[in-house]
Structure formats: structure tokens, C-alpha cells
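As written, the chains take the letters A, B, C, D and E, and residue 1 is the first residue of each chain.
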Amino acid sequence: AGTAPFNIVKAQTGKLKIGSIHPRSGFQAQLGIACQRGIDLAPKVLQQIGIKADVEIMNADTESNVDVARARAEKLINDGANVLIGAFDSGQSAAIAQVAEQKGVPYIINVAAAPQITEQGYKFVFRNFPTAPMLVGDGLNLMKGVFEKSGITPKTAVFMHVNDTFGQAMAGAIKAMAPRFNLPFQIVETISYDPQAKDLSVEIAKAKATGAELLMPVTRLNDAILMVREMVKQRWEPKIVMSPGAPGFYEGQFYKTLGKFSNYLLTNVPWYNPRSGMTQKLLDEFTKSYKGELFELNVGFSFEAVMVAVMAHNAAKSTAGAALADAIRKTNITDHVMAGGPLQFDAKGQNVNIKSVTLQNLDQRPKVVLPLDIAEDNLTLPLPSWQKRA
Amino acid sequence: MPADLILTVAVQGILTGLVYGLMALGLSVIFGVVRVVNFAHGEMMTIASYAAIVAFSAWNIDPLISMIPIAVLLFALGYAMQSVLINPFINRPEHSQFILLAAVAIIMVNGLLMIFGPDARNVLVDYALDSIEVGPLLIDKVRVITAVLALVITSGLFAFFKLSRTGKAIRACADNHLGALVIGLNIKHLYALTFGIGSAIVGAAGAMMTLLIDTTPNIGPVFTLQAFVIVIIGGLGSMPGALLGGVLIGLSEAMSGLFFAPSAKTMFGVAILILVLLFRPQGLLGRKA
Amino acid sequence: MSSLVLKDLDVFYGDAQALDGVSLEVPQGSIVAIVGANGAGKSTLIRTIAGIETPRRGQISYKGAQIGGLPSYKVCNLGIGQVAEGRQIFPSLSVMENLEMGALLPRARGKEKATLEEVFQLFPRLAERRDQLAGTMSGGEQQMLAIGRCLMGQPDLIMFDEPSLGLAPAVVQEVFRIIRLLHEKRGLTVILVEQNVAVSLKLADHAYVLENGRIVMQGSGQDLLHDDRVRQAYMGL
Amino acid sequence: MSATPLLAVTGISKSFRGLRAVNQASLTVPQGGIVSLIGPNGAGKTTCFNMIAGVFNPDEGSIMFGDRSIAGLRPDQICHAGIGRTFQIVKPFKELTALENVIVGALRNETSTRAARKKAEGVLDQLGMLDKRDQPAAQLTLPERKRLEVARALATDPKLLLLDEVMAGLRPTETDQMVAVFRDLNRKGLTILLIEHVMRAVMALSQHVVVLHHGQVIADGAPEQVVRDPAVLECYLGEEAEV
Amino acid sequence: MIARLLDGVPKRALVLLGLLLAFLLVAPLFVGNYILSVLILVLYFAYTGQAWNVMMGFAGQLSLGHSLYVGLGAYTAAALYVHFGIGPWVGVWIAIIISMAAGLVIGFLAFRFGIGGVYFALLTIAFAEFTRVGFDHFMWVNGSGGFFLPVTQYSMNDPLNLRGSPMMFYYILLAITVLAFIFCRWLLTGRIGYYWLAIREEPEAAQTLGINIFRYKMIAVAISSGMTALSGVFFAFYYNNLFPEQIFSMNRSIELILGPIIGGVGSLFGPILGAFVLTALAEALNDIMVALGYELPGVKLLFYGFCLLAVVMWLPNGIWPPLRKWLKLEDRS
């Protein structure tokens, strides 16, 4: 239905046109640009590791806006994109998914955690990123590991989360799943704050007053910075600060801004496998191209999305949507960048093998401390006093 | 709930509120005279913040000092904006002015985005994370400094408008455009001056703000909205009103954050706004038109 | 000596021409009346002299200097004051503040106190109401305020645009008395635009008749007062 | 004069922040009459009008229209009761044409816009403004706008018309024309209460004159009688009054 | 009634209007999916702009919080559909009622207390913000987590449930827009139109001519909010996911009113023209940027800002009045 009779007949073979669609302006610009870096590096790195990458990348900017995301997706497809990759944000991704599905163009979501997107019955939509429940499940599991390894078992915890789409998805998942995990602590207070908050002093004062030993934050970058700063000012030192799977603590800006105060904070999050050879290649190339920028998960997942598309193209030897989608569904990449099992998609198009790691900020950069088989450094707890830091 | 917690939060709320008030003051001054609602208010403040950040990162100048040249810079920007862009719009309908300034805001945001990129930037002075202990209370040092400065600037401005010749002439212009022409006031200059003064205040506030929060090109609208809320609560055009409004908002946000859901605290500010508009539309300290 | 000389003035509002080749002279220390029907362009003429409208063509000189195209604040500061049509007071400022505003011109600085006394003498009502918001005063009171405010600026030449409009007959007489007084006692030059043609011609040394933006007739006040055409068209006689 | 006057104002007062603008003023307008309200500037004439027309609530006193009390009604309700008014400081609908301005008034009693248009044209014609029908009100001169005020009010078919200085700024010849128009309307049954400083019009039109001073009625009677009243001469007309 | 609608409309205008409609009717057959989706956006903004224009352009009440009505409409219809299986064509009435109720509450509060101008505008923003934060916590529709409508493969169109291809959405929206145009013309040429304009121009004078200004302002708010709710319903079923942060945001309110302001406030054709111009401009800019290979984020919006600026500077009443003059169509439409 709905296709125009005079539409150009699409080329069935040849170069794979990948439409990369991210929020590169507007309030999510920072993250969209990080994703874009992973995409831009991909063809070169893939060639280097011997994967034929006959691709052309077409870029589009969603302006952090759902309507625009949808229109840009239409435009990319109209201009001949064979695969779409994007879009960091759940709302925008959901809008793009519909367009892709309708036009029969495979869409690989690199980052976006709202579980509903892969529950809506799409045939052309794939996601190489965990859903919020997956994130939380992994996050809680790793927590137990952290307690065990450090020998510190908190009795009380405060859960603080940003009240946006992502924060609420995470809060929902924690509420639903925590009972099943037999956690040693009790959540004595849940504090949610507005994503546009410019000041978290009240929130921290409130949290401090509970005397909790564990702080579990679900943040974005800016509020993560605000939060830690406020903790320093109010001299609140819980034994452990550990994010169950949210951005913020491991981002470049976080380290730049907070310096020594960024250290020892923990995040359980899907991450690149530092032991993987492919990761090293990508990392080298990244450092060369973007001096001073931090290599993090958005870059990794975006790179992998291109890899999936490229390998599917190589396998299908076609750029036709259905053939590509079939090939993507059959994806099975054991050696890749992100930690976890082989890169595969289930019937709903969800990669279920992604595994989180525990990151700890040490020397002002994120280091994998758990699981031990890929750990880069040792876990250091409890959180040292703010004022005594050198 | 422990009393010292409540007290700490209240004090913090009031201090923050004073800085909010200063920020809103710029909007109020401009509206009070030029009768133009500056929808690019938050964006101008963002420009000031970036100026402070550049001054700090390039020459290591403390924002509390760079504040002065930045205020001058913003004064020039405001003066120019009024004389070139806004002046032809003085007698146009509100929606037309609104679009003009919305367009200016779009240009500013995206200009900043192009120049500075989307990353959050900030200024880290060595006292940024210090606190002052007052009995059982732990008060943020930066907030105390900025709040005091906000009070000083407001008083200065107040005196200017009430006592100085130019200040009074500006008020006359606001009242009757043609009347001012008839008695030989240089309206264009006075309006531009006002816009400049309002912008200079915004500039000072923006520089200070870098000590409290991180700056991204997109934070403008939030501040614009907040400034509106404050100014309307206090009374558009009333200078003490802006401070009062700021304090009320700061305090109500702090208290509602403490006693209710922090994520809903902006609702309380808006709720106060709605109540004020309904029962005292001219604002708490505003004069009836 | 002529203090104000207009030569071949053309003024437009958009495409519509309001003044068409207007030339006139106002001798120093005289009263010049300008009469004409509604919409003839009298107010436009005054606004143009005051620098509020810009002429498209023609020259205006005052005391020998070219002032055409100067902004209004400069013109005012040369000593050309006006009591505008519709009064144009500052409604939300007090009477006192309104008067102060009149004295902001550089040329009036330092003389505020004395002038204020004088104004209050002329208009005791203003002294009574000094703290009332000007906008809440009656039409007549506002007219007095407008004149008072203009005087605060120390003008040498005052242009009155329909000063009697909407005033009670006694006040109208009072206004004309004051105009004459200002003229005689202070030697002010006066340009008077009035619907009350009979009175203004009686008062005037010289008068011009404006029709559709053109000067169609001129002469001494007395001559025009007895001119049949004028009597018929403007005085209903 | 008929038994019940059309408008009977008894003892109304109004204060603004301590200033007593109208003080126990009373006046009556008989059915079919023309009454003038005169007095020095600031005497409270417009304020009286505003109370009759529902803009202000009188602090005290009663206003009867026929046998109905109208004090405290809203302006639109006053209009529905049958009183039309003009504003001293004119308030035209600037972006609408002269005709459209009058149509708004005419819709008060007409059910269709077509009928209203027809009626509005009639009213404009009556006031000699038909040639200005398609000009936006913003482009009219002040006297024209004053006439537009009258036309708009007339189009609502009032029983009583309140005119606030509609002759100001007119040349004597034009004043005479307006006087003729009002005489004509009056002959057709319209009752008029007017505020005017132009004595030429007051003398020519009114059957009865009320003089207000400091918010109080100081004289009330036939025109010739009132203009000779020493109090009126002193406070309003001036000694050397030439009418 | 038809006679009244056509009263005073020049023949040329009718012909041009007919041509435009014919063009819009056949356009989907000739354009690709992308252009079609752009046209949908155009119609969407044209319709919503028209709805806003009733309040601002006709009755003179500046609302900067129209996203409130879009959001309420969208959430109501979507929630009814998801939770109770009530289809959009039933849900839309409830959505309209709820939006109208919200509009009437705001209107009542504001107009009873004599709030107007800038103050009214800011009150509308305040209410929209208030509602946004409220919906962030309204778990029945999943709070800030976002509310998702089920999406299925579009194998066939189901207009009854508003499920189907863009083509279907296009024609439905076209029909709605045309009806709204006629409806507004009908309003504007009638008693209510004259009364609104009078209130817009000079409320005090309007009142002395017997107009109950409170009532007519309330009617304007009710009609405008109700019409806007419909656009929200459409939004919900077209995009299938709703986030309070986006649908109630101030940016959306601004986006909605740019069209009519650029096109020409108070005219019937202004909102439509404005929607065309703005959407086309946005798309064209995008193409130009891509063609130039200019990748700096922000450039496009920057340019957009300059274009807006140019329009307001040099065409104070929007594009339509001068265009109308040029087309020699002297009528208010």
C-alpha cells in the first residue's frame, strides 16, 4: 500500500546506502554526535579488519525532535537509503521504526532502551542495545558481585532518577525486578527529579538525610554532574555510589568537569570489551580521529550497527529490503566490540546477548572492574571521602 | 523531618532565588519600559555564560570578575539589538514581536551550537565546591556570593530608575511614545539604553550562573520561561518584585522538592504563577496599569 | 526677522500626500495662525516642523539653521516646543513627574524650579493635583498639563495644535488668554492651529489657510477675519 | 413632558481614590427629549455617562431607565436595554472598514449579516459617511471617527443615545450639519442626552440643560435660562461669553 | 448559508481555490512517499494553525500554550483506544470535550479576572507547562516513559481505527483541513465573526454595542481548543507514540503558531500559506545543506531563524496580505 507509482526503481545491487539518523542538534546533540562518530569510523575500521565494506553513508539530523526524525527517515529512504541506523532516543527511534517498517527498509537501532519498540511486532526493526529491563537485570546482578568483591554490603539505599522517558523506564524495571533479585538492601527513598533541573541541592539534602549507604542514580550527563557536585558541597559520602545502568558517570564531559571527584563512582552498563581485538582497532582509529574525546558505548554500539548492516549486505549480496532484513536476522558475529555473547537478534529483532559490565571511574576514566575475565583494574571501595582526595 | 534539613533547604532556596531574581530582573526592566517581551532572554544569558567560560578557559579570569566586561558586552549587544531589530517593532502587535524575538533566539542558540558544540561547559574555580558551616547548616559558598551580588546590582538599578534623570525619562518613554517625542526625548536612544541595561543585567547573571550550573547552547528556553514566571509573580516592571518573585520561586521549589516529588517542583512555581495571575494579575509588587 | 521658514515642503504618509509644496514664514515674536478643514494637513505640518515626520522634499530653517530632517529631540532642544493634538501626556506618571519630564531638555536644565512656580501660577489646578496620575484627569486638566509640560522645556516658539479641543468655554478663553500672555510677556513666537477660527484669527498677526495640503490663502489675521470666503467656509457665517 | 421620564438618575456618586468625581447628581431625560449635560472640564460629565452606560458602578444613587433599574448592569446589558453611547476618546475598530464598524452595531437587532449590512449602509448615509464605507477606520480623521461612533451606536437602535463631545473639532458649518442630523433623529423618536462644550450646538439642540460642577448639579433648566445663570457664567462660560 | 460563504468572494479567488484543492487531491498520485509525508506535515500545520487563528486572529487572544490542547486530545484518544478499545472516531469527541473543558477553565479564569495580552499568553504557557509536568507523573498513560499505540503491518487501510498508510492519513487530513477552512469562513462571515473582530480591536467599544465579550471570548477558546484537540488525535494515531515532554512542550506551541503568523494572522488563508512556506523552507534548507555537503549541526536552524527574521521584518502582516494584493483578491479570506 501507499507506494507511489512513479517512484524510482531502486537499485538492487551495488553499494549499500546506510542512512544514519541521529539528534545532532537540539538538546541531545552531544550524544547524537557521539553516535555519529562511531558510524563515520566504521567503514574504514571494517576494511582494516578485513571486512569488505562497500558502503555510502547518508546523514540526517533529527534535531532532537520526533516529527523531524520521521520526516528525515522518509527523506533518507526516498533518497535511496537501504538501511537506517539510529537514533539514540526512544521516541525518535519509535517514529523512525514505523517509517522503516512501512517501506520495508531494515532499521537497526543502535541506542534506545524503551522496551515497547521491539514489542510492537515489527519485521524490519532490529535493536543492538539492551532494553531497560535487560539493563536493570544486568545492573542488579552485577551489584551483588560488587558487594561480594568489596565485602561491603549496604543495608539501605536511595534510588534517584531523572524523570524522563529513560529514567522512568528504568525506575519501572527496578520496581518490577528488584524483589526477584534478593538484594541485601532496602530502598528507603526514591527521588525523581525533572530532566530540566538546574539544581539538585534539595534532592541531595533529602537523600543525605536518609543516611543511606548506597546511592543508585539513574541520570543523564548534566544532572550526573550536578548531583556529584552537590554531594561534594553537602559532604555526603555514602559507601557506594553505583548506577544500575545509565549514562552520566562514564562520559568525557563528566571527567573534565569533576576531575578528582569523578573517581570511584560505579556504573553497570553495557560496554565495549577492552580485551577484544576489534575494540582495540576501533579505539586506535577513534583516538586518531577525535583527539581528546572519550571512547564510550555510544560509539561502540553505533559502530556495531554499521557492522551488522555491512555483513548482512555482504551475505545477502543485495540491497533489497527483504533480503537485507533476512540476512540481518541471521546475523551471528562472535567477535565484536561490545561485551557479551555473540551478536544475534531474536524473533522480535532484539539482541538478547548484550551483557553489562561494572565500570569504576579510576584515574578519571572508566575502567572495567567486573566481570573479572575482562577487568582492567581492581575495584576500590568504599568511596573515599571527598575532602581528603588529592 | 529534621529541622536543620528544612532550614538548610530553605536557605539554599532563598539564595538560589535571589540569583533567579537577578536573572529575571533584566527581562522585567526591558518589558517595563519597551513593552516588549524578550523571548530571547534565556539565550542572551547563555551567550553571557559562554563569554564567562571563554574568559575563564582562555585567560583564567574568575567569572565574578569577567562579569563586568561581560555586562558591558551584553549592554552593547542589547543596545544594538534594540536599535537595529526591535525598534521598528515597537508599535507592532505582540505576536509579531514575539516571532521576531523567537527568531533571534533560534539564531542565537544555533550560532552557539556551531561555535561551541553541544557539550556542556562550565567554569571550575577553586572555591566552587566549598561550603560554609553556619551552626548546623552547611551553605554553599558560591550561592552566598552570587546572592549578595544580586542584591547589590538590584539596589543600584533601583536607584538609577527612581532617582536619575535618564531613569525617569526612560519611564516616561514607556508611558507614551508620542508624548516623549513631543517633549524632545530621544526615544530610540532611551529604549536602546533600556534594552542595553536589561541585557547587561542578564549578562552579569549569566556570568554568575556558570558557577552554579553547566552551560549548553540549549538551556536558554528553560531560563526564559523561569524568568517569565518570576517576573509575573513579582510584577512586570517592578524591580523589588523580580527579586521577591525569584525568592518565592526558589523557596517554593526547594520546599516542594523536600516535601513532595522533586520532579514535580516546577509545577509549584507554575501553580504560584497561576494563582498570582488570577488574583493579582499585576503581580505581587506590580502597579495596576 | 523670520525665525521659522518653510519652503516647498512635501510630506507623505505611505503613498498619500499630506502636504504639497507648503511654504510659510513665522516672524520672530509673532503669532501665526493656520486654519483649514479637517484633514487639511495642519497637524502634519506641525509634526513635520517638530521632526516627527520627515519631509520628502523641501526645507525647514529655524533662526537661519536648516532643521529639516533633524530628529525631534534635537528640534525641541533648539527651542521649538509643541502642545500636541490629543495632549500626549504620560498617563501613568503623576502630574509632577509629567512636568519634570518636560524639563529634561538640555536647554531647560537648571531652570526647573523657577519654571515650575510659573506653571503652577498659570494653572493652579495642576498644583492641586500634583500627585494624581495624569491619565485619570479630565480632558481639560490634561490640556493644562500638556501646556505646562511644554513650558517646562523653555521654548522660544510654541506650536499649539487645537488647544481648545474639548475644553469648556471658560477654559477656552483661559487658554487663549494664556497664549496671549505667553506671547506678550515672554515674547514667545506662536504657531496656532485651531478650529476656533474666529478667535485664532483675532489673535494672529498673520494667518495661512491650508486646504488639502496646500496653502491657498494667506494674509494678516484681520484681513482673513473679514474675508468672505474664510467667513463662509470656516466660521459658518 | 410625559409622566415617567425615559431616564431618571437620582443622587448618583462616584469616587476615585478619595476624589469625588460625581457627587449626588440627579437628572432626568424625558421621553423624546434632548438634554445637554455641560460643565467645566473635570466636572464629572463623562463619569456620569460611564455610570449610566455600565462602565462604573455608582457608589450610591439609582438609575432608572423607563421603569427598570439599570444601575450595576454591564455595558452590554445596558445596550440591550436600549441605550447607545459614544466615547469621548473615540474607540473605532481600527482594522475594520467604516461599514464593518457599523455592521457590528447593526447586528444587535438584525438576525442576518445581510440585513445588518443594509441597515449599516442606511445609517452611514444618514450621517453623510457613505462614501467612506470601505475605508479602514484607522484612516479616518478625528471628526469622521466621531461620526463613526455615532453611527455605530445608532445602528443598535437605541431608545436613548448618549453623545460625549461628538462635535468637538468640527467647523461651525459641520457642526450645523450634525445638529440637523440629530434634530431629524429626535423627530423620529430618538431621545438624546449629550455632553458638549460647543455652545453653538448646545443652544441649537437642547430643550433642557443640566450643568455639572465639581460633580454636583448647579443649574438645571431651559438653555436660555441656564446661560444667564450667574453661577454657570462664572464657573463655565466665563464673563465675556460669546455664544 | 452557501450564499453567505461566497458573499463578496471574487471569482478569481474561487477559481484559484479550486485549483489548489484539485492539486492537493491529486498530488499524492504523483509524488513519492517522502513528499507525501511532507505534505502531511503541511496539512497538519495548516489545520492546527487555523485552529489557533480562531483565538488569536479572530478574537485577539494570544495563546502560546496550544500544545496543551494538542496533548490533551492526543492522550485522550490514545488512552481510550489502548485501554478500552474505543476507536478514534468516537474518542475524538471525548478528546474534544476534554480539551474544550481545559480551554474553558483557562478562559474562565483569565477572562473573568480581566487578564489579557501578554499576561494571558503567559498564563497559557503556564498551564501547558503545568500539564506537562503532571503528565510526566500520570502513570495511567505511562508518565514520562511515553505512551505507545500498538502498531501493526499496514497491509490495508482501516480508516475507522485510523490505522493505515500515509495516503489514507493524507486524505483524512485534507478533508479535515478543508472542512476547517469552510467552518472558519462560516464563522468569520457571521455574527460571531464580526463580534470577535470587534472584541479583538476594541473590547470596550464592543461591549457598549451589546456584545457579551466574556461569552464570545469563551466561545472562541472553546472552538479553538476543540479544533486543536482533533489535531492531537490525528497526531497520536499518525505517530503512535506520545511523550509529555514533547507533545506539551513550549517548542511545540511555538511551532504551531509560526505558520499562521508567517502566513498572516487573522486571515483564513494565512495559516495554510504559512504551513506551506515554513515546511517547504525547512525541507529545502535541508536539501541545500546536504547538497553543499555542509554538515555543521545548527546551520539549518540558524538559517531558518534568519528567514523568519526576514519575514517578520519586511512583511509585518505575513505573506498573505501582499500576495493577496498581487493576486488581486480583495477579500478577507
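Everything below uses one rule, namely that a contact is a pair of C-beta atoms (placed from the backbone, for glycine too) under 8 Å apart; a residue touches a chain by one contact, two chains touch by 3 or more.
Note that the coordinates shown come from a computational prediction; the quantities given were computed from them, not determined experimentally.
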Original post:
Hey, what chains does chain B share as contacts with chain E?
Top reply: A
Subject >> Mutual neighbours - chains that touch chain A and chain B alike >> reply: E
Subject >> For chain D, the least number of touch steps when starting out from chain C >> reply: 1
**OP:** Name the chain whose C-alpha centroid is farthest from the C-alpha centroid of chain C.
**Re:** A
**OP:** Look at the interfaces A-E and B-C and say which one is made up of more C-beta pairs in contact.
**Re:** A-E
Original post:
Of the other chains, whose C-alpha centre is the longest way from the centre of chain D?
Top reply: A
Original post:
If you average the CA atoms of chain D and of chain E, how far apart do the two points sit, in angstrom?
Top reply: 44
Original post:
Distance from the CA centroid of chain C to that of chain E, rounded to the nearest Å?
Top reply: 51
**OP:** Just give me the whole-number Å value for how far the CA centre of chain A lies from that of chain D.
**Re:** 75
Subject >> Sites on chain E at which at least two other chains make contact >> reply: 133, 136-137, 251, 297-298, 301
Original post:
Among the residues of chain A, which ones contact at least 2 other chains?
Top reply: 24-25, 29, 33, 163, 194
Original post:
What are the touching chain pairs in this one?
Top reply: A-B, A-E, B-C, B-E, C-D, D-E
Subject >> Residue numbers on chain D that touch chain C, as the complex places them >> reply: 16, 19, 38-43, 46, 88, 141-144, 165, 168-176, 197, 199, 235-238, 240-241
Original post:
In their complex, what parts of chain C are in touch with chain B?
Top reply: 50, 52, 71-73, 75-77, 81-82, 84, 88-93, 97-98, 100-102, 104-105, 149-150, 153
Original post:
Once bound in the complex, which stretches of chain B touch chain C?
Top reply: 165, 168-169, 171-172, 175-176, 178-188, 287, 289
**OP:** Flag every residue of chain B that touches chain A in the complex, lowest number first.
**Re:** 1-2, 5, 8-9, 12-13, 16, 110, 113, 117-120, 122, 124, 128-131, 138, 140, 212-214, 216-219, 222, 253-254, 257-258, 261-266
Original post:
Along chain A, where are the residues that touch chain E in the complex?
Top reply: 1-8, 24-25, 29, 33, 59, 61, 63, 65-67, 70-72, 74-75, 77-79, 90-91, 94-95, 97-99, 101-103, 114, 116, 120-123, 163-165, 167-169, 172, 194-195
